[in-house]
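You will see two complexes here that share chain A, one where it goes with chain B and one where it goes with chain C.
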Partner chain A sequence: MMKNRSAAAPFAVWMLLFTIVPLGVVVWFAFTDAAGHFTLDNIAAIQGHLGTLAYSIALGALATVICLFLAYPLAYSISRKTERVQQTMVMIIMLPMWMNFLLRTYAWMTLLENNGLINRFLGLFGIGPLGMINTNGAVVLGMVYNFLPFMVLPLYSVMTKIDSRIIEAAQDLGSNGWQIFRRVVLPLSMPGIVSGITMVFVPAVSTFVITKLLGGSKTQMIGDTIETMFIGQAANYNVGAALSLVLMVLILLCMAFMGMVDKDEEGGLVV
Partner chain B sequence: MKKTIGFVLAAGLILAMAGCTKETSGGSWDWASEPKAESTGVTLNVYNWGEYIDDSDVNVNDAFTHLTGIKVNYKNFTDNESMYALLSSGAADYDVIFPSDYMVGKMIRENMLAKINFDNVPNFQYIDESLKNPAYDPTNEYSVPYTWGTVGIFYNSEYVDEADLEDGWDLLWNEKYKDKIFMFDNPRDAFGIALKKLGYSMNTENPDEWQAAYEELVKQKPLVQAYVMDQVYDKMINEEGWIAPYYSGDGIIMMDEDEGNTAIKYFVPEEGTNLFVDAMCIPATAKHKTEAEAYINFMCRTEVAKANAEYIGYSTPQTEARKLLDPSIGENPNFYPPQSLLEKTEVFITLPDEINELQDSLWIQLKK
Partner chain C sequence: MKTLSKIYNGLIFLFLYAPIVVLIIFSFNDSRSRSVWHGFSLRWYEELFCDKEILNALIVTLTVAVIATVAATVIGTAAAVGMHGMNGRLRRAMMAVNNIPMVNPEIVTGIAMLLLFAFIYRSTGWFQLGYGTLLLSHITFCIPYVVLQVMPKLRQMNQHMYEAALDLGCRPVSAFFKVMLPEIMPGVVTGALMAFTMSLDDFVISLFTSGSSAQNLSVTIYSMVKRRITPEINALSTLMFGAVLILLILVNVSQIRGQSKAQKA
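Moving on, here comes the complex of A and B:
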C-alpha cells in the first residue's frame, strides 16, 4: 500500500500544481473584480456572450457528428482486418498528429483559398472558383480534420475487442446486417462512441485558432472571445475566467450526460 | 516590433525567408581591427526582441564587448506584455530593455524605468528631431528610439486603381474592392484606422468617438474578406486579396522580388497614421546603469545603427546611419515619410482602463 502511494506521488503533485491550483485560480478570478473583491458581475456578463456560446456549441456539435459518421465505419473496418493491416492503418490515421496543429490548419488555409490548390485544380476543368475559405464550412472542416483521430482511436480500440464469433453467432441465428449492427455492434461499441464524442466535442467547442485561419476571423467562437479577454487591450482576466468557468461547467454537464447514457447502455446489455 | 498574435510557426517561416533573402550591402564595419579594450569584469543583461539585432554582418554584441570590455548577456522576449510581466514580478535584473512606445509610457507611470543620464549618451544627437520628446516620454528622459515604422496600406497595383488611393483610408471602405480587402485582426490597429478615417485621434478618450469608429468598422465588415495578422503575407502575395493595412517594416517581405509579389505597393494615407517606436530603456532596478548607458550610446553609433537597420528592416531613427543606407530604402518615402506626413502621425499611448474595456467589448461585438 505504501509503495503504491509513493509511486503515485509525482502524479499527485503534478495534478495539484498544474490542475487543481490553476482551477482554483480560475474560480478565484471568476468571482472577484479587479480589486479582488467578491462579485457576481463577471458571471452575469456572460449574458452578452450567449450568442457566441450557442454558435460555438453548434459548430462543435456539427463537427462531432461528422467525425462520428466518418470514423465509425472506418474504425469498424480497421478492426476487422489482420493485425498487421490494423497497425499500418492506425499509424496512417495518427500520422497527421505528428505535425503541429497550427501548421496543419495553416496548410488548409492555402488549400481552400480562392487562388488555392483546390480551386486552381478545379479551374483546369472550368469549375469555380468556389468560395470555400472564410466560411463556417471551412471552420467545421478544420475541426473535423484536426479532431478526427480522437474519434477514430477510441472507437477502434473498443471495436477490436468485439469478438468476431459474436457477430458470426448473430448471423447463425438469422440476423440481417442491420440487426447485427443495431443489436450487437452498436451496443458493444457504445463506450467508444461516448469517449470519442467527448474527446472531439470538448476541444472543438473551445477551439480558437481555426476561426482565425479558416473563418477569416469574421465570427468569433467562445474560445476567441476568452482569448480577447485575456490578451486584449483591457486584459480583463475576471470576465475571461468567468467565461472559461461557464464553458467548463457546460462541458462537464455534457460529459455527465454522456456518462449516464453509457451506463444505461451497459445496463441494457446485461439484461 | 509590433505585437503580433502568436503564429509562431508562420512567423518563423517568414523570418527564415527574410534571412535567406537579406542582402549584404558592401563595406560592413570592421570593428575587430579597432583596439581591444581591457575586460571590465562587468556583464550587462540586455533584453531585446528576437531577430532584432545584427548578429551576422556585424556582430553588434561582440563588437560592443571588444570595444568596451563589457560582456553582454543577451536574452530575447516575444512581446511587450511578457517582458512587462517578467520585470514587474521582480524575477529578472536586466540593464537594458527594448519596450515599444505605449509600454514605455506605462512603465514610466509605474516608476519602472530609470532616468537616462544623456551626458553618457552623446550619440543621442544623431537621433531624428521629430522622434525626440514623443508622447509616451514627453520630456525624453527615459528612452532612446531604436527603430520605428508606420502603418500604411499595401495594395496590388495590378488590380487597384491608383486614382482610388486619393481617398486615403477610405480605400479600405471602397465597395469596388468588396471581398478583396483585409483588415487588422487586433482591435488597437483596426480602431486606430477607423478613428483616423473619421479625423479623430487614435488615442482619444472620448467613448462617443470609439462608438463612431465601431460603426465604421461595422460598415466595413461586409467588404472585408478576412481579419488577418501575419497570414497577410501569404494572402497578399498569392493575390487572395488586393488591399491590406500593415506595418511598413514587416510588410517589406511582401514586395520582395524573389519571395514576394512585385505588383504590391505601399502608401501612407494623407490623413496621417500610427507611428510606432521600439525604444531602449533602463529599468529602475538595473545594477549597471553607466554600462547600460554606454550600450545605448553604442547602439546609436552610426556604424552600429546602419548594421542594425539593414538587418532588421525597420526604419532607423539615426540620421547619419540613414544616409549610408541603400537609397532604395534610405530615400524611400514609404520607410522615411516626409516631414509633412510625419507631423500627422500619432504614437499609441496607453489608454485608460475604461476605454480599453470599451474597446475590447466593441471588438467582440464586431466579431459576433
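Moving on, here comes the complex of A and C:
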C-alpha cells in the first residue's frame, strides 16, 4: 500500500481555512448582531421571508419536475444509440453549458420580450403580443433551460449502462412497452433520477439571476433576498447569514432524503 | 416510434440552441434592435474591443482562471495521492469535506467566503475584497473537481508499480513523477480542464468575493445587463461561444485520436 498521506496536508489546511471555517463564520454572523453580541433576532427575522422561501421551493420543484419529464425520453433515446452517436449527442447537450449562464438567460430575455422575436412571429398570424416576460412561467422556463443538461447527463450516464439484452429479454418474455419501462428501465435508472433531481433542484432553489432577468421586479426568490442582504444599500450581513443558513440546512435535508432513496455512495456525483 | 423520438430530440435541441443562434445572429445587426434586422455590420464587435471595462474584466477572468487551475491542480492531485494512502474512515472524512463545495448551493459558498473575508478585514485590515480574494475563492471551488477526477485513476492504476519503483531504489518524489503521474495523467488533465472552465464561467461566487476593484467577465456582464442592454453583449457571447466551440472540438479530436490509438495498441 502506498503511504503518502502527508501529500494531502496542504489540501486539508486549505479546505479547513476556506470551506469549514467560513461555514462557522456564517453561523457566527447568524447568531450575533452588528456589534458582535449574541442574539436570536436574525433567526426571528426569517419569519418575514418564509413566503419567499416557500415560493422558491415551489418554483424550483416545478422546474425540476419539468426537467425530469423532458430529459428522461431524451436520455433514454441517446443511451440506445451507437457509441459514436452517443458521444456527439452528449457533446451537443453539454455545449450550451459552456456558454456563460448570464448570457444564456439574457438570450431568453430578448426572445420573450413584448416586442421580442416570439411575439413578432406570433404577430404575423395576428396573435399577441403575449405578456411572456416578467411572469412566473418565464422564470421556470429560464430554470429549465439552464439546468436541463444537469438532468440529462446523470440520467444518460446510468442508462447507457443498461444492457440492451435485458430489455430484449423482457420483450421475449412478453412484456409490453409500459411493463418494460415500469419493471426494467425505471428501476435501473433510479440512481440517475436521484442525482439528476438533486443536481437541478439545488441550483434552481437558490438561483437569483434568472428571477431578476426574466421575472421582473414582481418575483423574488430566496436567492434574490440573500443577494440584497450582502450587496447594495440595504445590506444586513447578519440576517443574510441566517437566511443562508436556513437555505443550506434545507438543501442538506433534501440531500439526506435523496441519499436515503439512493444508497449508492457516489450517487450525487455521477456525470 | 423512431421518427417520433427523432422529432422529440430535434425539438429539445432546438430549445437548447434557438436562443444562442438568435443571439449570434443579432450580434451582427446594424441597429440596437434585438428583434428587427437592419443589415449586417460588425460595429458591436468594434465597440466591444474599445470597451475598457470589458477588456479589463477579460484579463482578470483569464489570469484568475490560469492561476486557480494551476494551484487547484497541484493541491488537488497531491490531495488525491495522500487520500489514496489513507484508511477508510479518514479518507471518507476528507472526501466529505471535498464534497462540501459541490453540494452546497453556490450562493452559500460565495457568502460564506465573503463573510470570512469581511470578518478578517474587520479585525485585522487584511483580505479586503479584490483580486486576491477572488483568486482564493476560485482555487477553493476548483480543488474538488481535480480530486474527484484523479481519485478514480489512482484506484485503477497498478498499485505495485510504485512500490516496484521504490524497491528498485527510486526516491518517493521521483517515483511519483516517473511512475505514478504518467498513470494518472488523464485524470489530472480532465480535472484541470474542468477547473479551468468552472473558473472561466463562474458568476455567483465571484459576485460575492470580487468586490468592486477586480470584476471578472460574468460579474461585468451582470452589471451591464442590469444597467443597460447593449448588443455588445451579443458580440461578446458570440466570441465566447466560438472560443469554447473551438476548444471543445480540439479536445474531442485529440480524445478520439487517443482512443483509436489505444484501440490499436
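Operating definition for what follows: the second predicted complex is superposed on the first by the 246 of 271 C-alpha atoms of A that agree within 3 Å, B and C clash if a C-alpha of one lies under 4 Å from a C-alpha of the other, contacts with A are read in each partner's own complex, and residues count from 1 in each chain.
In this text, a residue touches a chain if its C-beta (ideal position, glycine included) is under 8 Å from a C-beta of that chain, and two chains touch if they have at least 3 such contacts.
Keep in mind that what you see is a predicted model, and the values were worked out from it rather than measured.
When both complexes are overlaid on chain A, the residue A:Ala170 reaches neither chain B nor chain C.
Of the two partner chains, chain B and chain C are each touched by A:Ile231. Judged by the touch definition given at the top, the superposed model places A:Ile92 against chain C, while chain B stays out of reach. Applying the stated contact rule after C-alpha superposition, one finds that A:Val184 touches neither chain B nor chain C.
Contact with both chain B and chain C is seen for A:Thr110 once the two complexes are overlaid on the shared chain. Look at A:Asn134: by the touch rule set out above, it reaches chain B but stays clear of chain C.
When both complexes are overlaid on chain A, the residue A:Gly51 reaches chain B alone and has no touch with chain C. Of the two partner chains placed by the overlay, chain B and chain C both lie in contact with A:Asn100. Of the two partners, chain B and chain C, it is C that touches more residues of chain A.
When the shared chain is aligned, chain B and chain C each come close enough to touch A:Lys212.
Common to the chain B-facing and chain C-facing surfaces of chain A are residues 100, 102-103, 106, 110, 113, 115-116, 212-213, 231. Interface residues of chain B, counted against chain A in their complex, comprise 5, 7-10, 81, 185, 187-188, 221, 224-228, 231, 234-235, 238-240, 351, 353, 356-357, 359-361, 363-364, 367-368.
Residues 1-12, 14-16, 18-23, 25-26, 28-29, 70, 73-74, 77-78, 87, 89, 91-93, 95-96, 98-104, 106-108, 110-111, 113, 115-117, 120, 145, 148, 198, 202-203, 205-206, 208-209, 212-213, 223, 226-227, 230-231, 237, 240-241, 244, 247-248, 251-252, 255, 268-269 of chain A are the ones that touch chain C when the two sit in their complex.
Of all residues in chain C, those touching chain A in their complex are 5, 8-9, 12-13, 15-20, 22-23, 26, 34-36, 75-76, 78-79, 81-86, 94, 97-108, 111-116, 118-119, 136-137, 139-140, 143, 147-148, 159, 162-163, 172, 176, 197, 201, 203-204, 207-208, 217-218, 221-222, 225-226, 233, 236-237, 240-241, 244-245, 248, 252.
The part of chain A that touches chain B in the complex is made up of residues 34, 48-49, 51-52, 100, 102-103, 106, 109-110, 113-116, 133-134, 212-213, 216-220, 224-225, 228-229, 231-236.
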